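Input: structures, listed below.
Paired with subunit B in one complex and with subunit C in the other, subunit A is shared by the two complexes that follow.
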Partner chain A sequence: MNRRGLTLHRAALGLAGVTGLVYAAMLASLLRDGWPLLSWRFLLGLPRELEAGGGVAPEILNTFSMVMMAMAVIAPLGLAVAVQRVEYGRDVWWTRELDRWSRVFLSVPGIVVGLVAYRVLVAELGWPVSILTGTVALAVLNWPFVAVSAGDALAGVPESLREGSLALGTTRWQTWLFAVLPEALPSLVNGLGLAAARMIGESAALIFTAGVNVSPHWGLAAPGETLAVHLWYIRTEGLMPDATGQAAATGIVLLGLVIALLWASQRLALWLERRH
Partner chain B sequence: MTAHSRRLRTDRRQQVLLGAAAGLYAAVGLGVLLMLLVSSGPLLLRVGVWQALLGVHWNPLAGQFGLVPFMSGTLLVTALAILLALPLAMALAVVGARVLRGTGPSLMTRGLTVLAAVPSVIYGWWGLTTVVPVVRRWSGGPGFSLASAGIVLALMILPTLAVLFQDALTRVPPTWQEGSLALGATDDQTLVRLIWPAARANLFRAMLVAVARALGETMAVQMVIGGQTIWQLNLLRPGATLTTQILTDLAVFPPGTAGYRALAVMALLLMAGMYMLVRISERWERTP
Partner chain C sequence: MSQPPAIRVADLSVWYGAQRALTGITLDVPAGQVLALIGASGCGKSTVLRALNRMIDRVPNVRWQGSAMVGDTDVLGPAVDVVALRRRVGMVFQQPNPFPFSVFDNVAYGPRLHGIKHPARLRKTVEDSLKQAALWDEVRGKLRRPARALSGGQQQRLCIARALAVKPQVLLMDEPTAALDPLSTAKIEELVRELKGRYTMVVVTHNLQQAARISDWTAFLEAGRLIESGQTGTIFTTPRDARTENYITGRYE
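Moving on to the complex of A and B:
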């Protein structure tokens, strides 16, 4: 035993270093395999099923449009649920049950939502496997995440702010809109950024709802393979000769999008916090 | 009408709108659960709950719906992932909470947050190009195996686990730690005898979050597990989990077939698992 009693801490430092190296090796192999294929032709071209040199332009467009549409629906709806629960909420058995199931649905596997959406939307309502169907699946899957993270953001605002506002004679909606919301905005933005990152990387819920192929023409009813699904598809079923490299290059684009998005939302949150 | 009564009317209207949003939210959740019950019900009634759950043969076309291979696969892969990730996540958390100074801890949290947000297909890609060949060379088997899935999954849940662990450790009041050090305890003794016990409840709940992620992960596991439906317990051979089997068989069994109903039973089992994890986590909420 070390006399200063730092043995465990040194071991932790060593293990953490090894772990860091593993992740570094992972990123390095992604860059090694994918970097040579990254070019304007890759970013702006159409995917090819059987020959080398395909691109991912439709996948980028699909990813963007589906995440943005789903976000446009669940950001307000998630905030509404959070406000209802935190600002107007009563503590009775059914609200407690609702909160509990929110947490259950927080970790619902994407494939379960895909299974249900496939039956309800595609098999029974007859919707095509398309961008719109995939967007609905994405929204259903991530609504609880937005609701819970927005709820946490609102709950983090000190009670004294609400009391001060109400004591001045305002109504409850004025209180949450003008006193609570500005204070909660930074962590709200962070939560929304994480939600968008989750959606960009989602694939299990989309394979059977948005599909594994693309159309050269964008449309709500057109098949909507996203970047994440594309990566899975070419790495498990792709027939093109450069499948490994294509998958890695797609992974680099995907990872770049996620990092850029997280970085931007963190900067925005920081800026809001300083300005406040 | 005074300004205040107008505002009160807005308040009532807004309450109705918010209530409607919450109602829709509950309806969607209930709808998903009901659809799973409706989809799986006929099969469970015909085959019997226990026969379906405890059968070891999966051959839906021949009327065999045993789910044991997938339940065992899910449990084995999850257990392996947690066992591998726990010590590494604790090491990262100890470094983040007790070794690094200044901006170090927050930089580490940000890095881990990015790693936690890396899409699962990228972990799966890496598993295919690196983990599977290594396991193949080691074991002489196909490489696609429960062990590969466990390793990939461990790396995937590690960042989340480390962030939550680090948070749990930093929540232990610094005055307690200073008191322990002032009494002559070494840093190691303070960590083992004071910080871990004090953070116990939060550490345990962090682990439950990681277990939930591991149970529900689909893509990364499906890419490296091999998808074999014959029940076996050798970690170095291929297998399948509840999630991967839904993914691979949903294309084969469209809604309305008996196979789809069996997949819905698997989804129901996963939801039951998530519900149990939340209930266990609630019991630890008020313990210090």
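Moving on to the complex of A and C:
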């Protein structure tokens, strides 16, 4: 390696080291402030506005249920769009447009989707700020991600596999279902895992749509503060005396959920791939 | 098993969009015999093959003229049921392309989708097909293993077994040994000689010795035109056209 390459190499290593240190410091402070609060009481208890010792059980439930419901809608929808684009509409103008726009929508900020959903659903149609409204916002925000990642997963299936199936006298539909889908499944699972992780971490789109309150009784029309929104809320408006610890502990739970989810989806993807 | 059909291609021209890939090809393969298609890269060998099972339909803006009779049906006719046709006319590709399943499920794939549900019948079909493809002895007892764990040569014979499992009458092979080592190649060639008689076969190859070894008939294409076709012995010993002679003696430019 020449001298200049070596210098660049060292600089890159140094930068990576600094980034790593920053993350480590963040994680350390999170653990320092939040770890003492982590307990069954925290995980299973109700939040408290003004006293110390609140929990995040409703937030966990809301996070789970909203992400699951949003996923149940956008996974089939995103897959349908991907199939249309990859399997049927190679190089037709409207699939190209669809492709382009889903990639544009990918980068629309959550806050914009949240405000639009609030304007249309809550202000115009009179929906309550609730789990259902928040789920719609989550779905709208994330379907392009699912559509694009599902499309990439399908496009990654080699043409030779499709031809191998078609050459046996199977229909396009059979070929898709029994040959293409199994082949694409590992990447599909990975993509869906990433999408779910994004949704778990989403706050901006949910502040106005699902709200910053919880109800002791879960329901579609009940307010639906999630973990991420709760974290934001405590940090900005929390009045409880243990706000710092509460925020850190919520952060740890949130991080743990995301890591567990990504780990599980990657394991599943790997298992599916090994099975071949 | 019924007698395999003869193939008669008459005045076939194919266009990919504005580009002409074949011009007036006329070819005959008698029932149960093997035709080798030879010629330089891009001369249209695959296009001939893919016209016979209508795989060319997958290319947008493809057009064709002429006819290709497989038995009594013109496979290029407008009313042809392409899916049903491909059951009669099987295909093996240059790269082995097994599905992401076990050996058994790969071979059972076609029969299952064509409605064979009965486990014993399915097992019998799979076993027969693997035996026909000369793979049975190597995979017996390993039918649950992933197909992609097999060697390249075994995978290619698996793909042949998979094609045979749907009981075709015609077998098309597009450079079936191009990705294989000499030993696996020899096995596939042996297999072609064994399957002769039961299936009418068209084999594309860049390997002239292979064409000489496995085929009854040989057709030489150049730039989308048929230069010469005839009995393999004749083509390789006394070609009529100078271009054929140049090609088979390696003086091709």
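A few comments on the model shown:
In this section, the second predicted complex is superposed on the first by the 270 of 276 C-alpha atoms of A that agree within 3 Å, B and C clash if a C-alpha of one lies under 4 Å from a C-alpha of the other, contacts with A are read in each partner's own complex, and residues count from 1 in each chain.
As a working rule, a residue touches a chain if its C-beta (ideal position, glycine included) is under 8 Å from a C-beta of that chain, and two chains touch if they have at least 3 such contacts.
The shown structure was predicted, so the numbers you read here are calculated from the model rather than taken from an experiment.
In the superposed model, A:275 lies in contact with subunit C only, and not with subunit B. After overlaying the two complexes on the shared chain, residue contacts for A:39 are found with neither subunit B nor subunit C. Touching more residues of subunit A than its counterpart among subunit B and subunit C is B. Once the two complexes are laid over each other on the shared chain, residue contacts for A:166 go to subunit C alone; subunit B is not touched. After overlaying the two complexes on the shared chain, residue contacts for A:182 are found with subunit C alone; subunit B is out of touch. Of the two partner chains placed by the overlay, only subunit C lies in contact with A:158; subunit B stays clear of it. Within the superposed three-chain model, A:258 lies in touch with subunit B and out of touch with subunit C [touch as defined at top]. In the superposition on chain A, A:174 makes contact with both subunit B and subunit C.
Overlap of the subunit B and subunit C interfaces on subunit A comprises residues 169-171, 174.
Contact residues on subunit A toward subunit C in their complex (touch as defined above): 90-91, 158, 160-161, 163-171, 174, 178-179, 182-183, 275-276. Listed in rising order, the residues of subunit B touching subunit A in the complex are 4, 7-8, 10-11, 14-15, 17-19, 21-22, 24-26, 28-29, 31-32, 35-36, 39, 87-88, 90-92, 94-95, 98-99, 110, 113-115, 117-122, 124-126, 128-130, 155, 158, 185-189, 191-192, 209, 212-213, 215-219, 222-223, 243, 246-247, 250-251, 254-256, 260, 263-264, 267, 270-271, 274-275, 277-278, 281-282.
Listed in rising order, the residues of subunit C touching subunit A in the complex are 53, 55, 58, 60, 83-88, 90-91, 93, 95, 97-101, 109-110, 113-114, 146-148, 159, 162-163, 166. Interface residues of subunit A facing subunit B in the complex, by the touch rule stated above, are 2, 4-9, 11-16, 19, 22-23, 25-26, 29-30, 33, 77, 80-81, 83-85, 88, 98, 100-101, 103-105, 107-116, 118-120, 123-124, 140, 143-144, 147, 169-174, 194, 197-198, 200-204, 207-208, 228-229, 231-232, 235-236, 244, 247-248, 251, 254-255, 258-259, 262, 266.
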